[in-house]
Structures are given as structure tokens and as C-alpha cells.
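I've put the structures underneath this note.
In the two complexes that follow, subunit A is the common piece, with subunit B as its partner first and subunit C second.
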Partner chain A sequence: MEAWVISNIVTSLLLVSSVLVVLAVRRSRMWSEAMGSLWKRRPIAIGVVAFYLAIGILDSIYWVGGINAGEDVVSAHEAKSVIDRLFADSRERSYSAPLADVEFYGSAPLENPGWHLMGTDLIGRDVVYLAMKGVRVALLIGGLTSLIAIPLSLLFGISAGYFGGRVDDVVFFVMSTLASMPTLLLLIALIMAMGRSTVSICIALAVTSWVGFCRLVRGETLKLREQDYVQAARALGVSELQIILRHILPNLAHLVIITFVLTFSGLVLSEAVLAWLGVGVDGSWGQMIDQARSELSRDPVVWWNIAAAGLSLFGLLLAVNMVGDAIRDILDPRTLRESP
Partner chain B sequence: MMRVAQWVSSGAGVVRCVAVFACAAFALSCSNSPYPDRDDDVKILYSVYGEAPKTLDPAVSYNVSSSRIISAICETLLEYHYLKRPYELIPGLAAAIPEPVERADGTVAYPFALREGAMYQDDPAFELGEVGRKTRPVVTADYLFALKRLADPAVNSPVAHIFSKIVGLHAFGERLVERRKEPSFAALPLHEQYEAVGPVEGLVAQGDYAFEVVIDAPYPQMLYWFAMPFTTAVPWEAIAYYDGNEGRPRFADHPVGAGPFRMTHYDKQFRIVLERNPNWYGAMYPEWKAPGAVYPAEGEPADLEKGITSDALAGRQLPFLDRVEFRREKESIPVFNKFLQGYYDKSGINKESFDKVMDGNQLSEDMAAMGIQLDRVVDLAIYYIAFNQADETLGAPAGERGKKLRQAMSLAIDAEEYIELFHNGRGIPAQSVLPPGLFGYDADYRNAYREPDLARARALLEEAGYPEGVDSETGSPLKLRFDTYATNSAQLIPIRYLVDSWRKLGLDVEVESTTYNKFQEKVFNKAHQIFQWGWVADYPDPENFLFLLSSGMAGPGGPNSSNYRNPEYDALFDAMKARPNDEVRAETIREMLSLLEEERVWIELLYRESFVLFHDWISHYKPPGFEFSTLKYQDIDAQARAEWRRENNKPVLWPAYVLLAISIAVIVPGIVTLIRERQ
Partner chain C sequence: MTDALEPRGEPLLRVRGLRTWFPIKHGLLRRTVGHVKAVDDVSLDIRAGETLALVGESGCGKTTAGRSILRLESAQEGEVWFDGVDLLSLSNAELHPYRRKLQLVFQDPMASLDPRMRVREIVAEGLRSFGIGKTQREHTDRVAHLLERVQLNPDHMWRYPHEFSGGQRQRIGIARALAPEPQLLICDEAVSALDVSIQAQILNLLRDLQGELGLAYLFITHDLGVVKYLAHEVAVMYLGQVVETGRTDALFEAPRHPYTQALLAAIPSIDPARRSGAPPVLGDVPSPANPPSGCRFHTRCPAVFDRCSKEVPELVPCGGGEGQGSASRCFLAESSPG
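Coming up: the complex of A and B.
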């Protein structure tokens, strides 16, 4: 199956499941209250995150044909996303400054004068378009990596914390081994070994980032297994699996959400570092910054490429972090008691 | 802490403290000179290198930055005329350019006569031959020793295959390997090993100052190899002495030669210093007026205007410089800044500063006002996109279809725009394999497939059976692959541009970027499809470019990485190779180029143009279009430079004073409080 079909399927599955989640949240009093107070605390940050999500989704829905191909004949029979279609005919020849009418070097008139909000790059691509294409990549890196790392940490963390003994020893040994390796070197080695694709970079990031959360889950499970209700369940002869699913996992839910939000931004940032080292994902903001590195020392300076990528990265990370902090304040029992 | 407090608590201490700060600020801002020594009266040329040289062994080194240094230290038998274009050979340590003698058995002999009395630089290594000896004459045996080293597998010379044309030299290498299996033999010094293995038929000594090199078949380009450091004389003492033991450096880090300069300081990560060699034949025997030892009288007509040739200069004794300092700079921006401050004498123009330095086709007014001058030279090099001819879709197996496809792809690439976008316009759109400056280059020649013409390209694509990039036989879009080892995203942008140009035709070319090793593996296995490559001349002869497409060079690891095999081309190539530069040769080259024009094995992209900036205290500097040493011909006016540096590096003192004022403003109240609290 072609990649764009998979992208469409995954996107629709995500949309459906998020509708289901919203419905579930509405049914549960605790969660709907929590979400309500989250919205009250951080309306702007949530709006920004939603905006990024919308762009990411619009860039994940593909279909073939119906495009004004212009000069690019190949795109007529290629799958293009909504964002691609919006910018289909925006190609210029070379650099142009934001909202300019003419090229940056020389003064040949542009094809779309005054249209490029953040100018165009060396080979005339619209910078806003490139920055928007980066959104999907960032969400993919953050999301996919978390989807790999969090179940991994839950599995190992809970089994280590709940069963203890040998299992704990093994898990802890693996964790210490990974934690004692220099993260960046391990990342690069993994990417080199698996090849440079989005999925392999996500796997590499997941391998290096699950340890911290796993340790947290293990500690929390150690605490939970001594709780009265767990002891009671055990005395009544409930199976281990049942106990984990019914008593341990739900009590870790708030941790999962908080960690997801906070590691998300860390991962997007890690990718930017990797791109700078030449092993990033194609089309990411990190790569845009890497490409634009020498443009800052041009005279006159070409600043819009790096500014657009930097601002997009900054905007997403700031909003996500603010939402994450608010979620922690709301869900974490320790802060819950202190907050008014 | 206590001591400081006591010291400042007295009134005198405060004054002293301020005085120290003032002195420090003044001293810091007084000079930005990176050189500790005074150089107002010494003619020192300051130059830069990026990569630390891996080796300075003349038999091994094959890269630009180290060959620049080696060719100043080691005198070659022949060398290039400094000013004449097209490039011309003149005798160096050879008394004359040898006339090749064709023999009845098909071999060709080159009789070399050496200048009698030429000496090596002073070096402790020569004590090995005779106690107390500092130098000795350059003799035949040194050349034969050096040529044998090229065939020695242990030396691992990159040009061994070229010199295996010398009769018996390859067999010599094999005998050597065989004998080295005996440990007692392998322990002998190198020159004794060579002697024991026996003579090479193609290297005939004729006394101390003459010898003959015999090659197995006519190869007129052979002479150019005697203008390269590979064939310079190597004294056996230097090899035996500089073995890396007992604190002595290896020979690769300490070349010993008979050139105009000698190396006096070698700290390869930071600084390399060459100084005038008093033993150089030009300095010892000025009365010889050898062509390589005096400034040339003739040049190109334009040289007269620029003052590069004049009656006053002609015949003056070389070298002019006392010392050459190479400093390592890892980044290009500091080099340019130091050049602007007068601390480097020459500089290229980096991409970022280009628009500041240049105003259209000329130097900007700011630069001209600083007395900076510009010279440009088209490099003897070509950059091209190539198709693997072994490929099923694009290459020879696809026959006429593949050829039309290649022609269409060639018509889609706008070299002029490419040069403008990625090289700041520094280059000439290439029309053929041969860059300007070579015999056979025709400035009026226009390649029918190298002017962008999308309409014609589309028509050709349709003829090839791929209308709009869709295979009319299968109905599926054609997918092609551009193989590259560029992984850095900034390097991938030019490739993106090329790919986008082909998209205009409907051709979907995917960029596959891998590590260099993987890329080489693909080329080795002929699994590559489209790739980008360049070739820089070894010597100024069209053969050095046209051989890249001859089938003799095809095959795993060979330089014909596009695997082009065409008997017709090969026949023309063989005919061209052995001809002197006459009309017949020109006609053969024309035929070859028109063959390539139709075949489109390559899309010739550009001839790069180097822009060299230099300060006006450098006189009669003419940049060469390929790598040969010009250091001995350059001259600088050290006093003018010192003057200029003082003029243009006046310290800007106000920030220091502001800083001083701020620190006083911060410190004095603190001290006052301290004193008050103590009381």
C-alpha cells in the first residue's frame, strides 16, 4: 500500500478515536471537570495547539488529481495534501523577502507578488508552506515516538514495580545500561544502523527516551501495590492481570498524560538537534534551520527561513508546555490539594 | 579574599586598581594582529589551509592543499610557464625538455639531462652518507629511486598505475613484494632493497647527471607527469633517516627537496612555515638564468596592462619572498575577515559575503576603496551530471529510447540559473567535456542539448515513449533515482533544484542520499542511476578529460563511472591521444565532442570560475587555473602592508572606556561600602 493511503487511514482512525475520547471524557465527571478547568486556565495555548493540530491533519489527508499542476507536471498524478494544494502554484525562482514584489537578488518581478508572507527560500519555495509542512513532521515525531515509548515504559515499569524480584532486576539493569550511554551517540548509532527514515528516527528516539518515564512508573507502581484496595483485591483472589488493569493502570493515567505532553516537546527539540547533525527527518523544522544556517552570515542577511522555522518550533513547544503544565496542576494529586 | 580587601582598603590601592584596569583595557584594544613577530621588513606571504595535510610525501600526496606545499619544497624536472596560456612546459631541474625517441619495438624513450651542481636543502639526514655533510648534489640515482618508490606497494602511491607504463617497473614492484617475504630482506633500508631486487629496464642511468625513462607505448602526456611532485628527486638518506623513530619525524611530515623553499616549521594542525632555500639552484647559480629560476619576460597580452610582465621584471632572480606562512583556518568567514584586516594577503570569496564584495560584475566600491584587487580564472575542471550507461532505463540497454530520454533530461537543466543560484554566478555553463584553457576548447561551440528548451524536451520524451513522464507501454509513471552522498540538507538543495527541473517534464526523480561508502558501493556494482560528479585536471591536456569516457577506464573502481563503452569513441580517443596539438587532433576532438553531444552520457553543467581577491601590496600575481606552484613568482611589499594594517586596524577605544566607566561605577560604591563597613 502506498504511504499516502496509510496516512489517510491513520488520520481518519485518529479523528474517529479522538471523537470517541471526547465522548468518553464527557461521560466521566472527573475528566470532564478536569478538561473544563484546563480550558478555563489556558484558552490561548489550547487554541494554538488546536491550530497546529488542524494544520497537521490538513497535511495528512491526501488524494490524487484535481490539482493545478502549473510547471510541475509530476504533481498531476501524485497524491497531494490539502496544504500542498493551497500552495500548489506558489513557486518562485529564488530568494524573495517577506511580502516582497521582486526577487531579493536582482529585481526580477515575482510570479505571486506580495503573496509570500515569509518570503521564499533559495530555490523559490514559499517559506510559510515549508513551515506548515514541518508541523506534520513535528507531530509525527512527537506522537509516534510517544506511542512507542509510553507503552514500552508502562509494560516494563509496571512489571518491575508490581512483580519485583528477578523481573525488577532485569528491567532495572536494562534501564541503567541505556541510561549510562551517551544519548546523542546512541541516537546517531541507531539511526545509522536502521537507515534514515521517519519511522527509524522515531524508534531511535523512543529507545533513548523511555527510561525516564519507566523509572517513574516503577516507583508509582511500587507505591500502588501496597495500597489497601490492591491488598484487598489480592486477598480476594483477583488475578494479577486483573489487578494491574483495574487498579494500577487507571491510577497511572494522569502520569501518562502529563508525560506524554512533556516528552512531546522534548522529542521535537531532539529532532532539531539531530537535523543539525545531518540525521534528521526530511522536511522538519530542524532541517529548515540547518539549511538556513549559512544564510544568517549572508550580507545582506536572509533571515526569514530561520525565523519561520524557529518561530513555528517555539510556538508549538511553548503552547504544548503551557498546556502540559496546566494538565499537571489539574491532574496531579499533590498539586491538586494546593491549588484553589 | 582577605588580602584583596586589605589591598583595596587603602586609598592608594583604589588608584592602583583603576590603573590596572585601564592598562588592561588599553592593551587589549591596541592591536588585533594575529602574528607575534614584527614583519615590516621581511617579505612574508600569509596564506591559509583548511585540512591538515595527511602526508607531504611527494610520491603519495594527491590533494590540493598539500601539493601546494610540496611543490614549493621539491623541485620538479619540468614545470609550467607562470604566465603563458594555454599552459606550457618549461625545464625545471632538467636542462631541457626531453625529446621523446620512438624505438622500433614500439617503446618510447625520454632522455633527461640534469642541471649539474643543483643541491638539496641543508638537512641532517645527509650525515648518513658522510659524517659532517649537510647537503649533496641532486643526481640520477635520486630520480630512479623516486620512480621506483612509485611502484613500491608499501608506499601505496595513488598514481602507480600511470607509472607502470615504464618498462619493467610493475614487475619490479612484484619482485619487491616477493622478496619482502624474507624477514631479513624486509629489514634492510629501502634503497638497499631496491638495489637488491635489481634494475628496471625502463630506467636507464647514464652517468650521474643523465638518465632515460622508457615507456611501453607512445603516451605524449607522460611529460606532464614530470611536472608534478610525484617524480621529484628523493634522496635515499631522507627516507632512511626520517623513519619516525627516536624522535625523528616521518618522511611524510618532513620532506627534503631541492626547491626554492624549505620547510622550517611544521605544526600541521596550526601553522606551516616555508623559508627561502639558499641551496636552490636559482639562488646558487644566478648566472645560469635558467627559465625556472628567473621571472619570465613573456606572458599573455593582458599581463602587460596589469603590470604582471614588464621589462623591469623580466629576468629578475627568483624567489622574491623570504618566507611563506600557512595558517590553518577551519572556517571560511574568519579567513575573509582577516583578509579584510590585512592579515591574509589573498582570499577567495565565500558565498555569504559575495554580495558585499561584488557589485554586479565588478568589485564593490567599498572593496576597491580599500585597495583590494580581483582576478578571476576559469578552473581546469568540469562539473557534470552523469547517467549510468549500464542502467536498464537510462543507459545503453535502453537503446534509442534511453538516448532520447537522456537528451530530454539534458534539455531541462538550465545551467545558467544553476550557476546563479548556487555559485553566485561564478562559472560558465559548460557546453562540452573540455573546459576553456585546453587545446580543443572552442568558445563558439554550442551544444544542441545544453540550452534549456522544455518544448523540445517534451517532444523528445514523447518520442522516447514517455509522454509527460508516463511509460506509454505500461501506463505507469517513470520513476528515476538520483544517487548522492550528500546528507547535509544544505548540500541537498542544489539536487532538489535539478530534480524539480525534471519534474517540469513530468519525470519523477527520487533523491537517494546515502553515506559515501554506500554510494561508492553502488557505483562499484553499477547499481547507480543518475549522479553528480566533477573532475579537476591533473595536467592541461584534453586527454585528461576525454579519457573519463573511454571504455578502458570503465569497470569497477575506474574513473569512467558512467560505464560508457563505445568502440567508435574509443577509436577516436586512441587516435587523439597520440597526436601532437595539430589540426588533425582538433578535428578528432571535434568529432568526439559531437558524438558525446548526441549520446548525452553526461549533462555538462559548469566550468567553475575562481575569484581571487588580493591586496595591492602583492605584485605580479596571476592565479593558475589548476594546481601548480606559483609561490616563487609572487612578491609583496611588506612596508606598504604594515602601513595599510596600521591604517585600517585603528583600535576603537570607546567601548573599552565605556566598559571601564561602568566597572568603576560598579566597583567604587562597592569599595566605599566595604571601607565603611570595616570602620
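Coming up: the complex of A and C.
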């Protein structure tokens, strides 16, 4: 199957599951109240995150044809996303400044004068378009990595905390071993070993980032295991698996959400660092920043590439962090559990 | 010594020589360097439909004893006979049907209900576990019935625990324990976290339930007022051991063990004439990891003499005469004529 078909399937699955999550949240009074107060606290940040998500989704829906590609046969048979289609005719020959009418070097007129909000890059691509393409990459890295790392930490953290003994010893040994290696070196080594695809970079980031959360889950499980309601379930003869599924996991849910949101931004940032070191994902903001390095030493300076990538990164991380902080405040068990 | 506890008929639950020791581990290799002897040779009898109060100060091992009977803590030694079966000798799978008969009510109504579950799910957990009632509807009906039984509004089963007051939560905890239709409830300080007025309501509820359902209670408490109100029999614990047992009236009337005497003397009374002149017990409870030699109470006993620190007194029958099952772990009670 072609990559764009998979992208469509995954996107539709994500949309369906998010609708299901929204329905589930609305059914539970506790969660819908939490989401309501989140919206009240951080409307702008949520709006910004939603904007990024919308761009990411629009950039993940592909289909073939429908573009007037002229004699370009290859382009006519390529799958294009909604974002690709918006910027289909935006190609220039080389650099142009933001909102300029003529090329940056020389004074040849542009194909689309005054249309390029953030100018164009060395080979004439619209910079706003490139920045928008970076959204999907960033969301993919944050999302896919969390999708690998969080179940992993839950599995190991809960079994270590709940069963203790030998299991705990083994998990703790693995965690300490991973934690004792320099993260960046381990990351680069893993990426080099697995190849430089998006998936392998996500796996490498997951391997280096699950330890912290696992430790948190283990500690919380140790605490929950001794709670009276777990003891009561045991006295009622509920099986260990049922206790974990019905009592331990739901009481870890707030922790999972908080950690997901807060590590998300860290992961996107790590990718930028990796890109700067030359092992990043193609099309990411990190790569844009890396490529724009030499442009800063030109005279007159070509600043819009790095500015667009930097601002996009900054905007997403700021919004996600603000939402994450608000979620942490709202879901903190101390404020949640004993509200009279 | 065990004979002292077996006068009248077959008890519902018979505990013999229960020992729960927690290892103290030290150093890199986690060698066991000693044990906290939380429960050290406890024997109890609980008759069907009656209440046995297990009293003692905090840290004396009464909670651990209760949990060991339910196998929530694993006891090192001893026997827990219920229905002709020693529960401690069963595998987990074999134990499952017996769990139905023995249930637990907790001290802290805030911590004993899962904050993420609705009341219906909490109460129905026992129904699911023991396969009582097949359909969801049947579960809902049963939960409604149980909530009525503990005097809660059945419509509240769709709420979450934090929407209830402490007394209401304790009722939910009782409903959960009643769901599998147990014969014995172990109430671990079930009212001590509540306001006095709420305490009375819960105690009345427990008493009514005993009358209606013929429940037996093992009532773990440090509140002697509660004991007098609810218990048919009392067992006094000190530092992991039962030091005195007896019918409630007899024990309150004529305590044999100096520790019991001191406990009873410590009950506050508004009537000056009833204030007893018994000497107070001084000092702290010794560490259960390293209990005193001889009689465990000798370090704090007002009536201590030479023999106390050298020999270990046994729980021997005394007083009461007509099969009251009184027994005391004291040389003084042993020597004095019944």
C-alpha cells in the first residue's frame, strides 16, 4: 500500500477515535467538568493547538489528481494533501523577501507578486507552505513517540509497582541502565542503527524518554496498591488483572494525560536538536532551522526561513505547555478527589 | 491454653496461634535481620450472629490480625478455621468461594472507595466477582436493594464517592461488604474516622443489620464506649498478643489483667464517683520488633513483680465460672481463685 493511503487511513482512524473520546468525556461528569474548566482557563492556547492540529490533519488527507499540472506528468499522478493543493502554484525560481514583488537577488518579477507572506526559500518554495508541512512532522513525532513510550512505561511501571519483588528488580535494572547512558549519544546510535526514517526516530526517542514516566508510574502504583479500595477489591476476590484494569489504570489516567502533554513538547524540541545534528526527520522545523543557518550569514540577511520555522515551533510548544500546565492544575488529584 | 476458649458450641470463626511477622531487611543483599512481630500468637473465637470486639491501643496489631484472617497479609503461622476449613492452608483459587463469607469494612471512608468509580460499580464489584446475578439489570436491582438496606437513596448509585459525606461513604462501604452476603464482617475501626453523631448512626445500622441478617462481627476498635454498646465478647490485645478475653459485661465488671484495668480506668466519665483510682499506664508501647522478655506488659505494668520479666504467662481461664470463656494472660489472675 502506498504511504498516502496509509496516511488517509490513520487520519480517519484518529478522527473517529477522537470523536469517541469526546463522547466518552461528555458521558463522565468528572471529565467533562475538567475539560470545561480547561477551556475556561486557556481558550487562546487551546485555539492555537486546535489550529496546529487542523493544519496537521489537512496535510494528512491525500488524493490523486484534480490539479492542473500542465505538461508535468509526474505531478499529475502524485497524491497531494489539502495543504499541497493550496500552495500548488506558488513556486518561484529562488529567494524572495516576505510580500515582495520581485526576486531577492536581481529584480526579475515573481510569478505571484505580493503573495508570499514569509517569502520563498533558495529553490523558490513558499516558506509558509514549508512551515505548515512541518506541523504534521512535529505532531507525528510527538504523537507516535508518546504512543510507543506511554504504553511501554505503563506496562513496566505497573507490573514493577504492583507485583514488586523480582519483576521490580528487573524493571529497575533496565531503567537504571538506560538512564545512565548519555541520552543524545544513545539517540544518535539508535537512529544510526535503525536507519533515518520517521518511525525509527520515534522509536529511538521513545526508548530514551520512557524511563522517567515509568518511574512515576511505578511509584504511583506502589501507592495505589496499598489503598483501601484495592484491599477491598482483593477481599472481594477480584483477580489481579481486574484490579489493575479497573482500579489502578483509571487512577493513573490523569498522570498519563499530564505526562503526554508535557513530554510532547519536549519530544518536538528533541527532534529539532537531532535535525540540527543532521539526523532529523525530513521536512521538520528542525531541518528548516538547520538549513537556514548559512542563510543568516548572507548579506543582506535571509531571515524569513529561520524565523518561520522558529516561530512555528515556539507557537506550538508555548501553546502545548500552557494547556499542559492548566491540565496539571485541573487534574491534580488533590483538587479533584476531595472537592466537597 | 486453647481449651480455655472452647466452651459453648462450635464458633463460626476460630483463630488459633495466628502469627504475622514482617521481616526487617537491611543492607545491599536485603538480609533479614529481624521481624516486626505485629501479630504474635493470637487466638479468637467468633460465634455466628455475635460481635467480638478486638481492642487495644494503636500499633498493637489488631488491624494486622484482621487482615491476616482475610489473607490480605500473609500470616507466618496459625490456623483460621471457618466452616470446617483452615483458610490459611488454601490456595488462592480455593480461597475464592470463602472470601464471599468474610468481608471487610474500612476505617477511612475517604480512602476505601475508588474515586473513579460510580457507587453502582463499587457495590457491584462483589456481585461480579462471585457471579451473583447474571445481567446488568439484576446487578442494578441488587445494588438498589443493598443501598436501601444501608439507608441510602438507591437513585444515588450513579454518583461518585466524592459527592457523599463521610457517614454516607461509610454506608456505601458497608453495602459493598454486604453485597456477597457474608456471614462475618470484619470492621476495622469502622466508625473511628466519623463524627460522634454519625458514629451512633453507623453503630445502630450495624446492630440492625446483625439482627436482620444474623451477621457476626469482628469489631476492631480502640473505643471502649463502642465496645460496650455493640460487643458480646471482648478480646484485649497488647503488643501482638491477646492479653484478656471475656464476655463484655463480665470483662467490664471485673477486669483481670492490669492492662485491661488500666484501659477501663482511662474511659472518661462525667460522674466523679465512677472515676476509678487505678494507676495510669506510663510510657510508650515497646517496639514489636524487640518485645520485652517474659510478660510483654511488664515494662509498663503497675503491678509488676519478679516473675513477670522471666517467665511468659499463658492465656489461662479464670473467673466467670459458668462457662463464660474468660481468660487472662497474667500471673496474678492465674494465682487468684476464680
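Just so it is clear, the second predicted complex is superposed on the first by the 329 of 340 C-alpha atoms of A that agree within 3 Å, B and C clash if a C-alpha of one lies under 4 Å from a C-alpha of the other, contacts with A are read in each partner's own complex, and residues count from 1 in each chain.
Keep this in mind: a contact is a pair of C-beta atoms (placed from the backbone, for glycine too) under 8 Å apart; a residue touches a chain by one contact, two chains touch by 3 or more.
Bear in mind the structure is a predicted one, so any value in this text is a computation, not a measurement.
Q: A:S200 in the overlay: touching subunit B, subunit C, both, or neither? Say first, second, both or neither.
A: In the superposition, A:S200 contacts neither subunit B nor subunit C.
Q: Who does A:A232 touch here: subunit B (first), subunit C (second), both, or neither?
A: So A:A232 only meets subunit C here.
Q: Let me test your reading of the model: by the given contact rule, A:R29 touches which partner, first (subunit B), second (subunit C), both or neither?
A: second
Q: Is A:G278 in contact with subunit B, with subunit C, with both, or with neither (first, second, both, neither)?
A: first
Q: Of the two partner chains, subunit B (first) and subunit C (second), which one does A:H247 touch, if any: first, second, both, or neither?
A: It touches subunit C, and subunit B stays clear.
Q: Should A:Q287 be classified as contacting the first partner (subunit B), the second (subunit C), both, or neither?
A: Touch partner of A:Q287: subunit B, not subunit C.
Q: Could you list which residues of subunit A make contact with subunit B in one structure and with subunit C in the other?
A: In subunit A, nothing is touched by subunit B and also by subunit C.
Q: Can you list the residues on subunit C that touch subunit A in the complex?
A: 67, 70, 72, 95-96, 99-100, 102-104, 106-108, 110-117, 122, 125-126, 128-130, 160, 162, 173, 176-177, 179-180
Q: Can you list the residues on subunit A that touch subunit C in the complex?
A: Checking each residue of subunit A against subunit C gives 29-30, 227-229, 231-238, 242, 246-247, 250-251, 253, 333, 336-340.
Q: Sort out for me which residues of subunit A touch subunit B in the complex.
A: Its residues touching subunit B are 71-78, 93-94, 105, 122-123, 196, 275, 278-280, 287, 290-291, 293-295, 297-300.
Q: Help me check something: in the complex, which residues belonging to subunit B touch subunit A?
A: Touching subunit A from subunit B are residues 333, 351-353, 355-356, 417, 420-422, 468-470, 477, 487-490, 493, 496-497, 500, 503-508, 513.
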